[in-house]
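Per-chain residue numbering starts at 1, and chain names A, B, C, D and E are given in the order in which the chains are listed.
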Amino acid sequence: MAAPCSLSAARWALLAAVAALAAAVPFATPVELVDRLTFAAIYGIAGLGVGLLLGQCGILNLAQAVFYGIGAYASAYGCVELGWPPVAGILAGMAVSGALAGLIGWPTLRLNGYFLALATLALCIAGGELFFEWDWLTGGSYGIGGIPALDLGIVRFDRPETFYYLAWGVLALALVMARNLIASRDGLAAQAMRDAPDAAAVLAIDMHALKVKMFVLSAMLGALAGSLFAHHVSFVSVQSFGVERSILFLLVPVLGGARSLSGIVIGALFVALVPEALSAFGEIHHVLFGLALVAVVILCPEGLAGLLTRLRGARRPAGASAPVTSAKEVEHVA
Amino acid sequence: MSPDPAFFAVDGVARSFGGFQVLADVSLAIGQGEVVGLLGPNGSGKTTLFNIATGFLPPSAGAVRFCGRDISRLSVQERSRLGVVRTFQTPKVFEGLTVRDNVALGFYRQMRAGMVESLFGAPRARREVADARAASEPLLARFGLKPLADTAAARLTAGQRRNLEVARALAGAPRLLMLDEPSTGLTRDEAMALADMLLDLSAEGMTLFVVSHDMEFLRIVGRAHVLSFGRIIATGTMAEIQADPQVRQIYFGS
Amino acid sequence: MLEIEAVRAGYGALAVLDAVGFHVGEDEVVGLVGPNGAGKTTLVRALAGLLRPSAGAIRFAGRDVTTEPGHRRAGEGMAFVLDNRALFAELTVRQNLALAERMGRRSGRPRCLGDDAELFDLLPVVKERIDAPVQLLSGGQQQMVAIARALLLRPRLLVMDEPSAGLAPLIVKHILELLHCLKGRGMGILVVEQNVRLIAEVADRGYVMSLGRLVHEVPPGGWPALLDDERLVRAYLGG
Amino acid sequence: MTAALFVQALFAGLTNGFVYALVGLGIAVIFKGSRTVNVVQGEFVVIGALVVVGLLDAAGLPYPVAALAGVAGGLMLGGLTEIAVIRPLIRRRAGEDALLLVSIGLAVAMSAAVLYVAGRGSYLLPAVGGTAVVNLAGATVRVHALFLIASGAALVLALAWFFRHTALGLSMMAAAMEPDGATVTGIDTERMRTLSFALGGALGAAAGILVAPLTEVNYQMGLALTLKGFAAAVLGGLANPLGAVAGGILIAMVEAFGIVFIASGYKNVFAMSVLILVMVLLPNGLLGRGARAGG
Amino acid sequence: QGHATSREPVTIGAILSVTGPVAGVGQPERDGALLAEKIVNASGGIGGRPLKLVIEDDASNPDTAISKATGLIRSTRVRALIGSSNLPSTVAIGGLTDPVKLPQVALSGMGPAVEARRTCVVHLLAPQELNARAALAYVRDALKVKRIGLLHDSGYGQAVANSLKAVAPDYGVELAQVEKFEIGATDVSTQAAKVKNAGVEAVVIVASSATPFRNVHDLRMGVPVIGSIASSSYDYVRAMGEAAEGVIFPEFLIAEDPLPHQAAFVATFREAYGRLPKNYEAAGWDAVNLLARVLAEAGPEADNAAVCAALRKPLRGVLATYDFSAPDMTGLGLASFSYSQVKNGGFVRLPFPPR
């Protein structure tokens, strides 16, 4: 039996073409676009964490901004105040985020549905307040400035052009790992517990442990993105880690289609580029961005990745008909 | 066949919901390899007993024993790891997964790869999933799901869902399999074929506990218990039960 | 009463029903049997207006209702027992039934059953658990509520998708008696079942469906013959 | 702590509790009638209040007329949102994610539109009793705050009665719970959904009109209101108007006494920790009921 | 002189928070800056060359500010950068302008330590410590009280509060009760009650909203209330309603009682927009004018270092008179402040400090 994860030759070719195109971007586009694309990759990494929880486990995580913030502050504080090498800051951020996610996830991940979503929102609000309150550590609204460029010995990532490769490289790696995970035992189990928790329990799936592990993983991705952000922007302050940022990270997977990994890339590109493109319209560009989100859903309810699939896929055969009502209403907390 | 009380036993189990008594002092025992039926009017507490036996509900009183061990406090997945598996009266399938992966997850207990291995795509992690999928093929074929193997389970009909659920439950080679109305929604021939298959499995040592209202299907059971208002009112072979006047009156209606 | 003509329907790109046509008259019980995945439920959903046919026509009481929204069909006297029951899980039995009762009263049609007592005799749970939220009931109890809900709509046409699913033999008997009794009062009844033997006990005539098409028509009194017909049983199994 | 401070905190908790509850009420009603979480609710509140501000300032309408017009405006905005956006989506079988996304998109668009149309200013509405205060055990409480508490309580009781005892209320719940079942029972599910959004919109506007005299309204407070309202509604069991009030008051009381007893800088940390704790202890919400476990 | 349109324009970039939470600051700044561009060009531009102002909106978000600044610096090749309206964006942009020593005129007060080392970034608004001193000076010298309460928000307010705590002993003032609330809080009555409970002789409120003023007013404390620049906009004062009456603002008085060098700006602004300008309009105006002046002085083709040098001298603006020659990059002193009090919804100059 063929390995289920092997790609067909055509898909390899497509992937190679996309990679080549991506590698050529810094040479062919204006620098501000390269910079935006760098942010797209950073958002994509954090959004991937949210997407894994949402798409695979059905968990709405509104706390990603906190983990992103922890990563950013670990890098900022570590490098600026403690003089650590950047890698130490990044690892510390991921470790602290992961530990916190485990600690808080343990009790809260027994909750379901909107209760869990509210718990993550509460975490986001409380975490945001602590970022303000502990200004001896975070600098409060003054923030921490002068974060050095990421220097990995061989290359110094101190320009948008170089950072672009780093950020997209990390995102690509994270996507490959996510793909491995989804195809594995844990990935299948996560989807099973999302669709029918009772039946999953009967198959001996330890749902609680699995959720905690996925939450920790998601948080570590958030922290990684936050560290990259800190080094790229060279300054961090509380304003970047509020609920709005969590919502942005949520948009990344939802726009693309939460269950698809290519959707993460599409969603990240959307949230990073579309507002920029729309800002040419002046003050109403936020209105337009909101409407663009609405338009995306109306054009392709399964997310933008779904649109791609549809464009690629077969035309509808004649004789099919449309259901009048929704097949299955959202499952709700009772 | 005399029940071997050491294998599976329900001991004086009672359950009420906010003053509404659903089960009252139910005791029964099942020996290894036995096929035992459970029947009774609608709402008599059959599914509730299954819920208690498999860990979905704690009993208000009494205990559940498996292989001589009190499992009353174990969680659903812990009981499943011991080999206690059930199906649901309303089939619960993993709609987002393909039919094949639904069955492959039945082998979850046999898979070992950790999350880190999975993330890095370690050979063992890949192999396990591939093996489980391969092992699902005979079951898919057996339950007529082969043509649907690659479709999402969300598209299955009521009958197909029932088949899928039973196939998935069988996948992990459970020691005690509790089936809640397994023949509902199946065609007669499917029901009979399932009955034959279950008899074969019981001959190989699998223990079966079956709730059903389907007399033809219940031919597979050696013994059966009849519940009424949460109490066992009759126990015996199907012939004995079908002849019991009280059971006839409240259950068969003649 | 009900006439459907060359109906095609499916889900998205998947076509399930292929030019299905049949009729159900007043005062008769029509059975529809077929293997898993034949398209029986799809047909019921099309009749209920939950799925829009891509071709063909559905006529009820002489009117074309093909494009009419489902909720209006209920007002005109089509009642359904769906295979997933589709009860209002968090509402009590009483509230579930009150919604249907109100609809039925508004229609001005006579009740199917004399009074509540008759309903309670037939489906005991309706009375026993009247103030319990439906989601707490057992599977069979829910099935009874679903049947009661359809009856309270005071239908002229009753369509039941696997009505016996999960019911104890005694209750199945009650339902069969009820169907006999109802058809005597000018009602048309369509029963979808896997269990041919059960259908044979109650249906006058009927159809066999396979792979989205009606492959065989069972004439009045033809059910026992169908059970003996090797060829048909094989075709019927062929799905 | 003096008695005055205690009473002051108590009334702050009660008042803010009803502010959160009024927002949560709309979210609960829309959830009850459509099973969607309406992220736009905070914007309904802001827009409702601003419409009244506009009608008072620009059109010079008398206050009661303007207030009624504001509620009517909210009703229309809610209904229109459903008809224009939610309905086509549900017809196309959009999932939960898509509905959430569209709701976020609308919230972004509406709050930006408010900035564009009404500007960056903060607006007040006339208060019942003006800025008069009553003195209670050394604490001062705005007359309008008492009015807000009373009207909030009246509103929620009316809603609870509506959903429990009227055919329309039951039909709205039924249509959301089980659209197929509702359709075969003769309920027009789409109309019910429109009505629930309209009701939610009207409640939002009413909330805005009640709240604005105390808190002012501006273009950027919609999201914060939504979040607090969401918390109140979920804590109460999400589909339950009475629960939204219980949830709102619990959160606001914890906040107020957190400020008094702990430190105002940790107000949210404290309140959110309590919130998580309550959910862990009561996994169905304050007034929610559990479903059947297992088969 | 005359209209300068014929020659290649001198381009200045501006990154302002026209949308998002800081829009209340960015929009007025934009209005002032656009007006200044018009007036500069009408009066001959920069050394005969027209001034071109490219305004970008960072939506109050440093990520966006970074991308926009990268584009302005490297693609548009601006000669100087204005902005941003919010501190995080300002500091983030500074990371780009500092290495190339591009002149940057920030519209926020001085931020974290790194900013003091950025020798080409000047700030038109007062650093938080100065705002703190301005309030304390009034408490000590005009009110002559010693026990004050402080209500502040967790953002800007927190920064001022930290400074207040640090310098209060210098003024012999005791911060008897300090209470905090989140940005955009809709109710701070409990915090206000705690302040009242402490029996203070005056209340200082540092927040960018009107709510705390109303909540304090509702408690009928009967002590003077001192606000800050963050809540002195006409919008906020209007939203304070009755509570605004009598509030003291230690900041900058421009439109109500213009000094001779402010009169022209006020008149022009009023004519252009039909309303009175306040701090942020003036800051936007000043930023463009200062840059136009120093670019003209250094010559439009001068290198960045020369422009920076020209910038770091005493310069008079309408908001204040700046002097960026100090090594720590502060440009304002206590003397720049003017004190006013709200009377009948308008600002009235207070005779403080006595001249």
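Operating definition for what follows: a residue touches a chain if its C-beta (ideal position, glycine included) is under 8 Å from a C-beta of that chain, and two chains touch if they have at least 3 such contacts.
Chain-to-protein mapping (UniProt): A, D = Branched-chain amino acid ABC transporter permease; B, C = ABC transporter ATP-binding protein.
Nothing here was measured: the structure is a model prediction, and the numbers come from that model.
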| item | value |
| --- | --- |
| If a chain touches subunit A and subunit C alike, it appears here | B, D |
| Maximum centroid distance from subunit A, chain identifier (CA atoms) | C |
| Dominant interface by contact count, named by its two chains | A-D |
| Distance between the centres, which are taken as Cα means, of subunit D and subunit C, whole angstrom | 42 |
| Intercentroid distance (Cα basis), subunit B paired with subunit A, Å | 40 |
| Whole-Å separation of chain centres (CA-atom averages), subunit B against subunit E | 72 |
| Interface hub residues of subunit C, defined as touching at least two other chains | 11, 14, 49-50, 69-70, 84, 89-90, 135-136, 139 |
| Residues of subunit A engaged with two or more neighbouring chains | 129, 132-133, 198, 283, 285-286, 323-325, 327, 334 |
| Multi-chain contact residues (two or more partners), subunit E | 19, 154, 182 |
| Residues of subunit C touching subunit B in the complex | 11, 14, 35-37, 41, 83-84, 125, 128-129, 136-141, 143-144, 162, 165-174, 194-197, 236-237 |
| Subunit A residues within the subunit B interface of the complex | 1, 3-5, 176-177, 180-181, 183-189, 191-192, 194-196, 198-207, 213, 217, 259, 327-328 |
| Touch list for subunit E against partner subunit A, complex | 18-20, 56-57, 59-64, 66-68, 70-71, 74-75, 86-88, 91-92, 94-95, 111-115, 117, 154-156, 158-159, 162, 182 |
| List of subunit D residues in touch with subunit C within their complex | 167, 170-171, 173-174, 177-178, 180-189, 239, 289, 291-292, 295 |
| For the subunit B and subunit C complex, residues of the former touching the latter | 17, 39-43, 46-48, 89-90, 144, 155, 157-160, 163, 181, 184-190, 213, 215, 250-253 |
